[in-house]
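In structure tokens below, several structures.
In the two complexes below, chain A is the common chain; its partner is chain B in one and chain C in the other.
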Partner chain A sequence: MQRNLFHVTPSGWAGLAFAAFAFLVIPAVAGQLWLSVFTSASCFALAAAGVAFMYARLGMVSLTQVGLMGVGGWVMLRLNHAFHLPFEINLVISGLVTMMCGWVLALPALRLRGLYLALVTLMAAGGLEIIFATFQFPNGGDGFWGVKTGSAAPFARPWLAQTPEAYLRYTVLVVILGFLLIEAHRRLAPGRAWALIRRSEAAAMAAGVNIVLYKTWAFGISGLLGGVAGGLLAGSLGLLDDATFRASESVMLFALAVVGGARYWLGVVIAATLFRVLPALLNNWGVDADISYVIFGAGLLHAVITAPNGIAGQIHDLFGKRRKAEAGEKGAGDD
Partner chain B sequence: MKLKLALAAFAAACAFALSGPAQAQDKPSCGANTGQAASGEPIIVGGIHGNAAPGDFSAATDAAAAYFKCVNANGGIHGRPVDYRVENDQWNPELAAQAAAKLVNDTDSVALVGNGSFIEMAVNAATYAKADIMVMAAGCAISECFETSNIVSTNQGPLPSNVGAAQYAQEELGAKNIACIGLNIPNNGIWSCQAVIDFMESRGGTGSMALLNPGAPDVNSALLEAVSSGADTILINQPAGLALAILKAAEEQDLRDQFNWIAPTPLYDLSVPDAVGEYWHGHVYVNAELAPFQVNGPDAQNWIKVMDGFANPEDPRDTFAQAGYLSAKFFTETMLAMDPADVGDRAKVSEAIRNIKGLKSDLMCGPYYVGNADFHMPNHAGYMVKIVKGGYEIVRECYQYDSPYFEKIIALEKEMGVQ
Partner chain C sequence: MIEIGNVTVRFGGVVALSGVSASFAQPVSGIIGPNGAGKTTLMNVISGFVTAESGEIRKDGQNLLGLSPYRRAHWGLRRSFQKEEIANDLSVFDNVLVQIDHARQPASKRHAEVERMLEYVGMADRAGRLGRDLNKFERRLTDIAKCMVGNPKLIMFDEPGGGLSIEETQRLGDLILGIHDQTGAQTLVIDHDVELISRICSDTLVLDFGRRIAFGEVHAVLADPKVKAAYLGTEEVVE
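Take a look at the complex of A and B:
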């Protein structure tokens, strides 16, 4: 069991190498514009990891993830302005609150699947969108909503990450922890339970899997990751705006997770890159960033028609074929 | 035949008499005004606007860009052209932060000029202070624009303009209860509508606000909420596009004669009188943060010439365009007064901008100044105009607005000797 938990696959080594690159190299070489872009992309990578894990491991479509990011960001801002606690404590509480929101979302998932579940989660995202637009995000005011008239109060970034470079490193580190949390779950009892549930709920139940527990658990983890991502985004900007957390953004994030490849860490990275880095690149070139939507559409068509495991799946298959070919050649040579 | 020859000679004489001076007059006056194109090392100046649904706030950067083009064609700043780089925040906080990171931290820009946004000042105020760069904005719509150390604007923003419109309605139209239709943004619509309510209560009246969600503005609902509030006056505190939609909805319900209709400066745009239609002519009162077109002073005329000569024909000719022109002009004058060796040094340029004091223009009611303070609002007096067929009619000349909000600003002005 322990050996399986800590066994690093070739894909895992590649992921760790990429994580080291993102942590050490990117903040050191990126300009301020790209530090800002990569920080946003990292936040959305964490949120995308949650939605991708739900889809890949349980086959459940959640279209509320960006809305849950908004909840996490809301809690983070509210705590920052109200109690002046350390950033890390606020971040953990933000994640725990959205984890509970995830549990609430799991209630319909116990009865619904497929399209109907997607519709229910989309409606939840729509509800959150209306709440954010109506009550706005806390800016240092009093009362439950914490909204005051006029200028926003200052936001306290983590003590360890006061500069944009340090904050990107901080975000990347949290994202890595999020990925490791998912991977650890996949390798332990929940992962086996989810695999059974994905194949057949009836079979899982017959095998003694507590379906209610594990479905709720999955929604909770996804919510936790979304909330932490929202908290990190709030820390990056110091304030939030309802336009960032529209229901359409949740749909887009899910679609891009499918395009990237929901089963793989690389797919999540591709999704976040398409979601935040590509539009910034187009903006920087002076090209209308709305063109990215055309590219997203083409990517989705590609994924639906030819690449059910997304771009990352295709890359994975490519390396798999090479390894097989090399093994074949070696075997032939041995003969 | 003789008559034809005489007419032709008269026409030629008129053309000769008018052509020389008229051509000279048609040329705008910009910067050093040398008539020679600048060719030295460019001075980088940034600008950020917000252009996405629900409003386009690019008029100020368009006008500033036109003025800088004119400056570059007229000797530049000590022979160096201005490299004016503009980014669009698209009403998105992430993009606003990225725009500032690019223009302020990744670029050796000396200042930002002409900024107009609902978002970027709130996101970037701390960035500007940390980088010690001054922002001479022109389309400020949120409180951070007027309550932070490194941003100063030639436009007034919604709070003074709203209070100015409410003050006129209370004093001249007999308003006792004003419903303010604002955007549901704490540092914009709520901030400026609350100031109107406070003003009305200070005058023995009352007020209320009806808020629109900027992401999905339902103008009919907001209008009905304002109508049902018991108000006698409706203040349309919106960007021009949404304000026109509200007036259209009110026209469909034939509400014109049941209320006084007032608005802050976004409705002061040459295209608006035609856009609202005859139904509203003579019935909508608009606060103009800068001089109305018919005041026609030297700067007003020069602004039009700059726009006609260097801006795109479709760029708006509105208050924000005037403000963008003024910010660029004040910036250029300040740079020209500096030692040529210092104009590429951000710290020295910021210091020179903070030292601005008593610059005057016929477009502004009072002097323009900056000062070394944590808040800046040099423009807090304006005009009141009425929409009429083909344009606007001035109904009140320059007047100072009455609100406790301006007390600290006036105290600073007295301290600086500019009041």
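Take a look at the complex of A and C:
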């Protein structure tokens, strides 16, 4: 009757199969350049999962996600250069810091909705962009900001993932955990509360849902995923550049989550692939990577006009129709 | 016993409710009145969505106006809306379960209660169906089950019969009549369907332009000339 927490749907099986492929095959066959590209794409997939779930489950638009990745990355680098704690502890702290940033962002969300909320989160992203451009990212220097001229101090990767191949596997594993965290929430009380909030806040309150708690919770989880993604990106490169975390990148990531399909894991993977793999592919072919913006625009138009649930939604519907047709044929055969 | 004491609500210069008082003691009571009479506003005051300028609302000694809307739901207040607010991406079961997610009970007990109420409204066989796949009556039935879980003390239905067929309205009335036996809760029903109100309600409050124009035993109230005038208007003879 009610869906079991551990019930695996057909889409879930496909996701697990893809995760196994990403964990086992991609690191084994990719070259050095592509290992870096896929690791970066995995980090952005985790961040995109945060905005996608906020949009799909609560109908809230957050345009700060890449900025929060920057905060996570900043904390990760700062901790790495200041202390000699294990990578995992730094990663958890980075996630917790951005989770708290998410709670702060949730304050306007309690009063604002739709376009106004999106604008407030965009302004927060703009503020972070200025901070990153002004103070840069820690690279082993002295003082609070930890910035020095010259080459950056070494970054300590996880003990388990010293090579680029192992680090990609490590990143994929964390991304899978992030996706499972969202799915577990969706199947438990928070998911039910979010679905009702999305339907109508009045109905949610009438059902005893604490709107303040659950909206703040959602922003916190999205922030956590963004921060962990930023921490993993810092671990991949060993240093970060402020140009990666511009406000426009947050808008782009959200738009691509809509193009991919915010309701589905595949949509998030498509978003991250378009965001990171496509420009690298164009570069590899000797084509200007800015062409990808034209492709993104066409994808967005496609989503707005014909695919409200994104490309993943269309694929999902296609399989759904096929399953129904097969069931119909079987039923007719039984007759 | 629900006691509504001298409730006044203003929206700017408009007086939506003007010193409305009533004491409902029967298991099922009604609130009727023409469009714009203030029925839904009164329900919104009881739910906490609209703040009353003055007055009080008590049920079994508890002043509800001091609680936030979601705390009123935790206390035992339930309400449905004119449009059934069923989440499309949740199953029927989950749409009902969300009402008692906050309850400090083992999951098995909460699930058993949801199953019992879905059985009562006749939706047990469709418990796994998604909200988006339900027709209007099934959505209304799910809404009723949702209002009945979690030991409710007061259930309010806002035009539950809107858009339903005669047979469906009949079934709806039977279900509402059974709520008190099933849960012990008192029920308030707002509807334009006077036939439904007269069948299921023992007493009723009549509002017009935010004022109480009648209150008492339902058939006596419906026979009141003031109530007839509010619904049908008065004859004006021009010579």
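Methods note: the second predicted complex is superposed on the first by the 331 of 335 C-alpha atoms of A that agree within 3 Å, B and C clash if a C-alpha of one lies under 4 Å from a C-alpha of the other, contacts with A are read in each partner's own complex, and residues count from 1 in each chain.
Note that a residue touches a chain if its C-beta (ideal position, glycine included) is under 8 Å from a C-beta of that chain, and two chains touch if they have at least 3 such contacts.
Please read all numbers here as calculations on a predicted model, not as lab measurements.
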Partner chain(s) touched by A:32 [first = chain B, second = chain C, both, neither]: first
Partner chain(s) touched by A:209 [first = chain B, second = chain C, both, neither]: second
Dominant contact partner of chain A by residue count, chain C or chain B: B
Touching partner for A:199 - first (chain B), second (chain C), both, neither: second
First (chain B), second (chain C), both or neither touched by A:189: second
Partner chain(s) touched by A:77 [first = chain B, second = chain C, both, neither]: neither
Partner chain(s) touched by A:152 [first = chain B, second = chain C, both, neither]: first
Which of chain B and chain C A:247 touches, first, second, both or neither: neither
First (chain B), second (chain C), both or neither touched by A:93: neither
Chain A - residues contacting chain B, complex: 31-33, 35-37, 40, 129, 133-134, 136, 139, 141, 147-152, 154, 164, 233, 236-244, 246, 276, 280, 283-284, 289
Touching residues on chain B, where the partner in the complex is chain A: 87-88, 90-95, 97-98, 101-102, 104-106, 119, 122-123, 126, 142-144, 147-148, 184-187, 190-191, 194, 213-216
For the chain A and chain C complex, residues of the former touching the latter: 1-3, 189, 192-193, 195-196, 198-200, 202-211
Of chain C, residues touching chain A in the complex: 47-49, 69-70, 73-74, 77-79, 81, 85-91, 93-94, 97-102, 111, 114-115, 127-128, 146, 150
